[in-house]
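Naming follows writing order (A, B, C, D and E), and every chain is counted from residue 1.
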Amino acid sequence: MQDFGAAFGLAFHLLAGMDAELVEIVGLSLRVTFAAVFVSCAIGLPLGALLAVSRFPGRQVLVVLFNTLMGLPPVVVGLLVYMMLSNAGPLGVLRLLYTPSAMIIAQAILVTPIIIALSRQVIEDLNNEYSEQFRSLVVPFPRAIAALLWDARFTLVTVALAGFGRAVAEVGAVIIVGGNINHVTRVMTTAIALETSKGDLALALALGLVLLIIALGVNIAAQLLKSTARRRAYA
Amino acid sequence: MLEASALRAANHRVEEAPAPLPAAERNPLVVRGLVFETPRQRIIDGVDLELPDNRLTVLMGPNGAGKSVLLRLLHGLLTPSAGTILWNGKPPDGRTRRSQAMVFQAPVLLRRSVLSNLRFALGLRGLGCSRREMLSLLGMLGLEPLADRPARLLSGGEQQRLCLARALALRPEVLLLDEPCANLDPASVLMIEEALMKARAAGTKIILVTHDLFQARRVAERIVFLHRGRIAEISPAESFFDTAGSPEARSYMEGRILV
Amino acid sequence: GEPSSAADRFIIVQSTTSTQNSGLFDVLLPKFTEETGIEVRVIAVGTGQAIKNATNGDGDVLFVHAKPSEEKFVADGWGVKRFDVMYNDFVIVGPKADPAGIKGSSDADAALKKIAEAKAPFASRGDDSGTHKKELSLWKAAGVDVKAASGDWYRETGSGMGATLNAAAGMGAYALTDRATWISFKNKGDLAIVTEGDDQLFNQYGVILVNPEKHAAVKAEEGQLFIDWLIGPEGQKAIADYRIEGQQLFFPNAHKETN
Amino acid sequence: MQDFGAAFGLAFHLLAGMDAELVEIVGLSLRVTFAAVFVSCAIGLPLGALLAVSRFPGRQVLVVLFNTLMGLPPVVVGLLVYMMLSNAGPLGVLRLLYTPSAMIIAQAILVTPIIIALSRQVIEDLNNEYSEQFRSLVVPFPRAIAALLWDARFTLVTVALAGFGRAVAEVGAVIIVGGNINHVTRVMTTAIALETSKGDLALALALGLVLLIIALGVNIAAQLLKSTARRRAYA
Amino acid sequence: MLEASALRAANHRVEEAPAPLPAAERNPLVVRGLVFETPRQRIIDGVDLELPDNRLTVLMGPNGAGKSVLLRLLHGLLTPSAGTILWNGKPPDGRTRRSQAMVFQAPVLLRRSVLSNLRFALGLRGLGCSRREMLSLLGMLGLEPLADRPARLLSGGEQQRLCLARALALRPEVLLLDEPCANLDPASVLMIEEALMKARAAGTKIILVTHDLFQARRVAERIVFLHRGRIAEISPAESFFDTAGSPEARSYMEGRILV
């Protein structure tokens, strides 16, 4: 339990000291996570909306599939990306393994199904309300999707935050494809795993606290943005 | 009356093979043996209907008669369980819907400003949409001062007027209106009726659902009376109110309970 | 013995991934359980974590290969006594192309110097494990400052042995590994042993009973039974007999008891 | 890439052979995951709904907090639970460390915030519609929450599946508190991690595939349940 | 007319400190200087109102006048920006709401069967709810055959009737009805009006919003006319329709556009 107290002190110290190494790790964590969440949203939101709006045979199968893929094990994703990008793999020539790009790819693969499945559900609920009006107006798919995404934007922020949470906390995949290489691909979570395996639980916890504080900052920012926009829309 | 009784006859012939009526080709709207059912109930129960000209048709009938469902079927939003609907010889699809506009019984508005709701619909038809033009469209229904308000925070009547403004702005060939004046104040009702008469004069075909006998009397040229999913009567407006042929319609107007 | 009593009688051994991954425990432990009815539950984690867990009393026996840390563990009173169990050796593995040109050498210092000169990628565990500490001492002996090259050709993976070997295979890097892990490792890819046989590459395993005076929950009796069995003739023979593809992975040396 | 082909063959083999050890591991995975998701839903759904429905100072703070906690790093949760349950920790006497119960606790801590945050959002959207009517009827909180949860049940299935996905794929926390002990606390994800560290990528992938197939089965079951119930409700 | 003009005068005194009227204590409802505003607009703009007895009051006014907002304020669903509302001397809260029932302009129904919707509301008041009793309650508004249907799939008019049935079933002391007959057929309208007269005879205080002048004429004992958030007139029904005192009310009835 003394570890616990020590962790708080240490976390404060780390934050106050703005340790150069910590700054580097935090920076990379945020870069990788934001990039992955951005890619996931860019792909997942339209796909989720499309899945919510369209009716075709096999749609139900896709819905179940993406729900299932929310449970993609990170280690498996890590392995798959590793095998693709490895020198022996088909995309080895890109030389992406053990770079932040590889980590972004792995995280995007993990997060995209979450964005698809959750936004599908959200948009489906909204579309229950809009669909007849849209069919009456003969709104083409792309416009309908854009309109639904826009009108559900306040709810979709929570979906994106769920994706962010998954990505920022992820360690299993990024450690395999990033390699947790010091100064190159070390991020908060892999650093935490490392300190844990070293038995330095206080430092590991302190890093965890720092990570949570950063995530809190992101969430507060998102919330402020959301409520400002909502206030403007409903003043 | 002849027309109406002919159609009622047709309605009763539904179980037999519907004979192709000769007028089918030339009529803007021909409905034959239309049935719509859910596992639980038959909502539209064999409707034959022809609206051969551009008169303003009022669709009446008690609550739950199937008026809203019939409008949806005509608009192509529901697929008939049996029977056919032909608009100028073709079943309703996206293309016919693009030349029509429907106002639903409960207003459906985007979570945006009044103006954006209008802009969205106009944009779909590639219709010009400068702010000034849109304001004047809104102005026609007294909505101009509300242009920048969030549409979903409007009062009930204001929402209904916005839905109507949106439908009218699309300059459709056919207007399907499901109780569009239910929540409107008398001035707005008159304003809407005027707008409808103008559209009608410009050649728009209008099917209007209403429970307001006075409104029906003011605007209808033809009355279709629906009862439990079947057409009980089709009459020219003049004769309907004075000498409605069907007991159902008479009971309705006298406010007697119909089951 | 009876399944129920066996389920009740178990000890927890805190050990390292390299020991577990070699598969040794899979043959060793059933033999012990069969003889004594005591089940052995192995927690395989990083060396540091294993020691930390043992310090917290979350294990009865510590079985690792980081002699200085083990001795400190006993000196601090967390462990009762340290026993040598077995040894094997470290090897340097690298890509078959061998960019540093060290294949076949048995001089660890020289090999590492060449790697540094060629700036050939080297995957270090970088996790303060026994293997990592050994590696750092080798670099120091070779006179190379790896800290300066970290992130460049010297890559600290901050992971376990298996993960580091996966990384080495993935980027065609050299790495230091214990022979047991290497032999049982499946994803060798393009890697092969390039340097072995230096006396410096000796790797000693030790076993310690966690001090029951520090943690009342420690099952001292069963734990000591396990240790006695390990360093006794049966355990030692079982270790000597364990082979993968005909190669012996560990060499028992309990008689050379230190500490 | 040969690993990839091998993985498929192996996965098929594993499934076809009904290997006793695999059955044991799969069984424990499911037991732990279902228990954790059940606990998380039992706690998270009412709390999420309460948060959606009630208005009190600090509510916004809680909303942001739970959104943030969706990004709880598994390793940190693992460490915290470990420190609690360790012999040196306050709950050491319970002797739960390195047992399936510990794994359930850790997973429940990870999943509960996800359930809370997502169900809060879902219920909030529904409550927009119901709240005035409920306030007019003076529906007491517990009943309002029960009614909202019931009426949103089809959407909440997706929320629960998101929690299931997170739990079933989780490795960082369960490996710390469970210890990945063969025959005692080894689950699919920890087995995958182990095989990965052994370099047996084909076997790791095969296990990953098996895990996904199991998750698929659960998702299909959920979907069937949902559509049967919906059909019955809307026939 | 005296009463009405007195209140109009009160309405115009709003900017000054509202003098406490002596009747305040004994009146079931006393409203003083009521204001409700959003950052964008003042929706209720200084309303003084007293409903001293149990007469059926009809609240009229053009779309967007603030009728729905006023009802919500009276019911305690919105908090006034300024001014007071007193029901029997107390501001509206959960307790007063429990003795009232409100029917909203747009029906709000649970995603359940018709019967379950009724059961839910009755359960809240601990009122007996055997299936038979509930069916007879539904039967009063002609909903009995729909008892097991999903409420949200009912037709517009059926939904409105269900909302009314739910409100009536609670046997409230005060009924606040926001255009409850907008989508109803004539028979249902008469049925509702009968039900209202019965409730009124049993002592229920009713405030009814409607745009239907005929309905107002049939049921109103007192008319409150709201215009742009202010009360333009309060009159006994008889005098209102024949000699409405305010120009706004006269214009409204003549269907002239009011802005």
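Rule of thumb we're sticking to: a residue touches a chain if its C-beta (ideal position, glycine included) is under 8 Å from a C-beta of that chain, and two chains touch if they have at least 3 such contacts.
Keep in mind that what you see is a predicted model, and the values were worked out from it rather than measured.
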- Query: Given the contact rule stated at the top, which pair of chains has the most C-beta pairs in contact?
  - Reply: A-D
- Message: Taking each chain's centre as the mean of its C-alpha atoms, which one ends up farthest from the centre of chain E?
- Response: C
- Item | Where chain B and chain C are represented by their mean Cα positions, the distance between them in whole Å | 81
- Report the inter-chain centroid distance for chain A and chain B in whole angstrom, where each centroid is the mean of the CA atoms. 48
- Item | Touching two or more other chains - residue numbers and ranges from chain A | 82, 88, 176, 193, 196, 201
- Note on the structure: Multi-chain touching residues of chain B, meaning two or more other chains, are 40
- Task: Enumerate the residues of chain C that touch no fewer than two other chains.
- Result: 53, 160, 163, 166, 169
- Item | Partner chain D, residues of chain E touching it in the complex | 72, 75, 77, 94, 97-98, 100-102, 104, 108, 110-112, 120-121, 123-124, 150, 153, 170
- Query: Where on chain A does chain D make contact in their complex?
  - Reply: 1, 3-4, 60, 63-65, 67-76, 78-80, 82-83, 88-90, 114, 117-118, 120-122, 125, 155, 158-159, 161-162, 164-166, 168-169, 171-172, 176, 188-189, 192-193, 196, 201, 204-205, 208-209, 211-212, 215-216, 218-220, 222-223
- Which of the residues in chain D come into contact with chain E in the complex? 129-130, 132-133, 135-140, 143, 147, 151, 233-234
- Complex contact set, residues of chain E against chain B: 40, 61-64, 67-68, 105-106, 142, 145-146, 149, 154-158, 161, 178-179, 182-191, 211, 213, 251-259
- Query: Any idea which chain D residues touch chain C in the complex?
  - Reply: 3, 82, 86-89, 92, 95, 97-98, 179-182, 184, 194, 196-203
